[in-house]
Amino acid sequence: MTVRVQREDFDTGKELDRMTAGQTQIGAVVTFTGLVRDFADAKDGVQRMTLEHYPGMTQRQLETIVAEARHRWPLDDCLVIHRYGELMPGDRIVLVITASAHRQAAFEAGAFLVDWLKTKAPFWKLEEDGGQRRWVEAKASDDEAASRWNR
Amino acid sequence: MTVRVQREDFDTGKELDRMTAGQTQIGAVVTFTGLVRDFADAKDGVQRMTLEHYPGMTQRQLETIVAEARHRWPLDDCLVIHRYGELMPGDRIVLVITASAHRQAAFEAGAFLVDWLKTKAPFWKLEEDGGQRRWVEAKASDDEAASRWNR
Amino acid sequence: MRVLYFALLRERIGMAEEEISPPAEVRTVADLVIWLRGRSEQHDAALANPTMVRVAVNQDYAQPSDAVRPGDEIALFPPVTGG
Amino acid sequence: MRVLYFALLRERIGMAEEEISPPAEVRTVADLVIWLRGRSEQHDAALANPTMVRVAVNQDYAQPSDAVRPGDEIALFPPVTGG
């Protein structure tokens, strides 16, 4: 079980291979990769995103939620990587990998962790587009998605 | 949108990179990799699995279900690879990748395709363990998982 | 009419495929399965339990009431276990 | 007591952190936010809308009724937008 908060890019394939190499009890591995999209209301300028975060809290909270996912689902392994700093459209932001004997556990735990990251992980996106800068606003739909796990 | 039925192994990371390279409208990519597990009731012998399939029907049915997934969810891209032939514990069997602007579409379409593969794709697993050979039986739980998409 | 057998059904019947010419009154999938059971003891035993037999006509899943016609590719196999 | 501000709150208040010593009657998160609003016009404007302010005490999410104590690390920030 690994949590990494880093400025550097990551390689999903390499992380996946590292998790499954030599394992014969894992039947299902689900990866979620989040990427920077073109901004919906972009003007003509160069688009750039800056991800600010609260370093101490991020690591601590991510470890807590990974422990919660392990408690809820029978996971063999789990990896969360979240980047911060400057990113361009097409860049990778976040990676969640969940491995289990059973596919439903891998899918559900992956969706749970991503929903949690969207609503609770202390990250803030600043979009820049030529001269314009704009803090991204939180979406009610993300809170709704996360609330389905409160049971 | 690609469907491949093949004897050869695949590289999840490479397929993922190929799908997302140069794309800036994709916000979420979900991969599912299915692996051969140690057999639950294994004896001491070498474990081997042989996947038999119905070649013409497999390709045709996979293309139909991928079209169905695209109809149900806003997918930017989708890839399904299913292997056949001889496999050992730890080997990759199946890969499903779904890419969308929205994470929920990527997760749901991935789970839908995997549930479909388990219950409808014409593949049959033969497990061999030393001198023992055994055709794997279909699981009622797989039919239940697939039935949630009948709406 | 070509009939293909897969996996456990192929092993029990002892062949992967056969060319057949059932009489004209064999009009549906259900008719055909009954007719096939009469071909040998192996056919009869392999196809005895309907919950263990799936049928595809021309590479699409078929229901017992679906029609079968000369020239069709019919496949019989156990419940699938891929993925 | 150390207070950290992030993202839009940091920009509006004009600082990333400050060391404060509120009076003894500031016992809860709710008390502290009210007290902080009195520190400057920027503080007041940035913290005016409670739906736009989240609070963590010692790196855990906190409710308005949760206690704050000397030595705590308090963070104030807008709803998060990671993932």
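Think of it as A, B, C and D in the order they're written, each chain with its own count starting at 1.
Rule of thumb we're sticking to: a contact is a pair of C-beta atoms (placed from the backbone, for glycine too) under 8 Å apart; a residue touches a chain by one contact, two chains touch by 3 or more.
No experiment lies behind these values; they were computed from the predicted model shown.
**Q** Moving only to chains each one touches, count the minimum steps from subunit B until you reach subunit D.
**A** 2
**Q** List the groups of chains still linked by touching once subunit A is ignored.
**A** B, C | D
**Q** Among the chains, which one keeps its Cα centre farthest from the Cα centre of subunit A?
**A** C
**Q** With centres defined as the mean C-alpha position, give me the subunit A-subunit D separation in Å.
**A** 26
**Q** How big is the gap, in whole Å, between where the Cα atoms of subunit C centre and where those of subunit D centre?
**A** Subunit C and subunit D have C-alpha centres separated by 72 Å.
**Q** In whole angstrom, how far does the Cα centroid of subunit A sit from the Cα centroid of subunit C?
**A** Roughly 49 Å, centre to centre.
**Q** Where in subunit A do residues touch two or more other chains at once?
**A** 34, 103, 114, 118
**Q** Return the residues of subunit D touching two or more other chains; collapse runs of consecutive numbers into ranges.
**A** In subunit D, no residue touches at least two other chains, as defined above.
**Q** Each pair of chains that touch: what are they?
**A** Listed in label order, the chain pairs in contact are A-B, A-D, B-C.
**Q** Which part of subunit B faces subunit C closely enough to touch in the complex?
**A** The contact residues of subunit B facing subunit C are 34, 51-54, 56-57, 60-61, 82, 93-94, 114, 117-126, 135-138, 142.
**Q** Using the touch definition up top, name the residues of subunit A that touch subunit B in the complex.
**A** Touch list, subunit A to subunit B: 11-14, 16-17, 20, 22-38, 89-90, 101, 103-104, 106-107, 110-111, 114, 118, 145.
**Q** Which stretch or stretches of subunit D touch subunit A in the complex?
**A** 4, 6-8, 56, 59-61, 73, 75, 77-83
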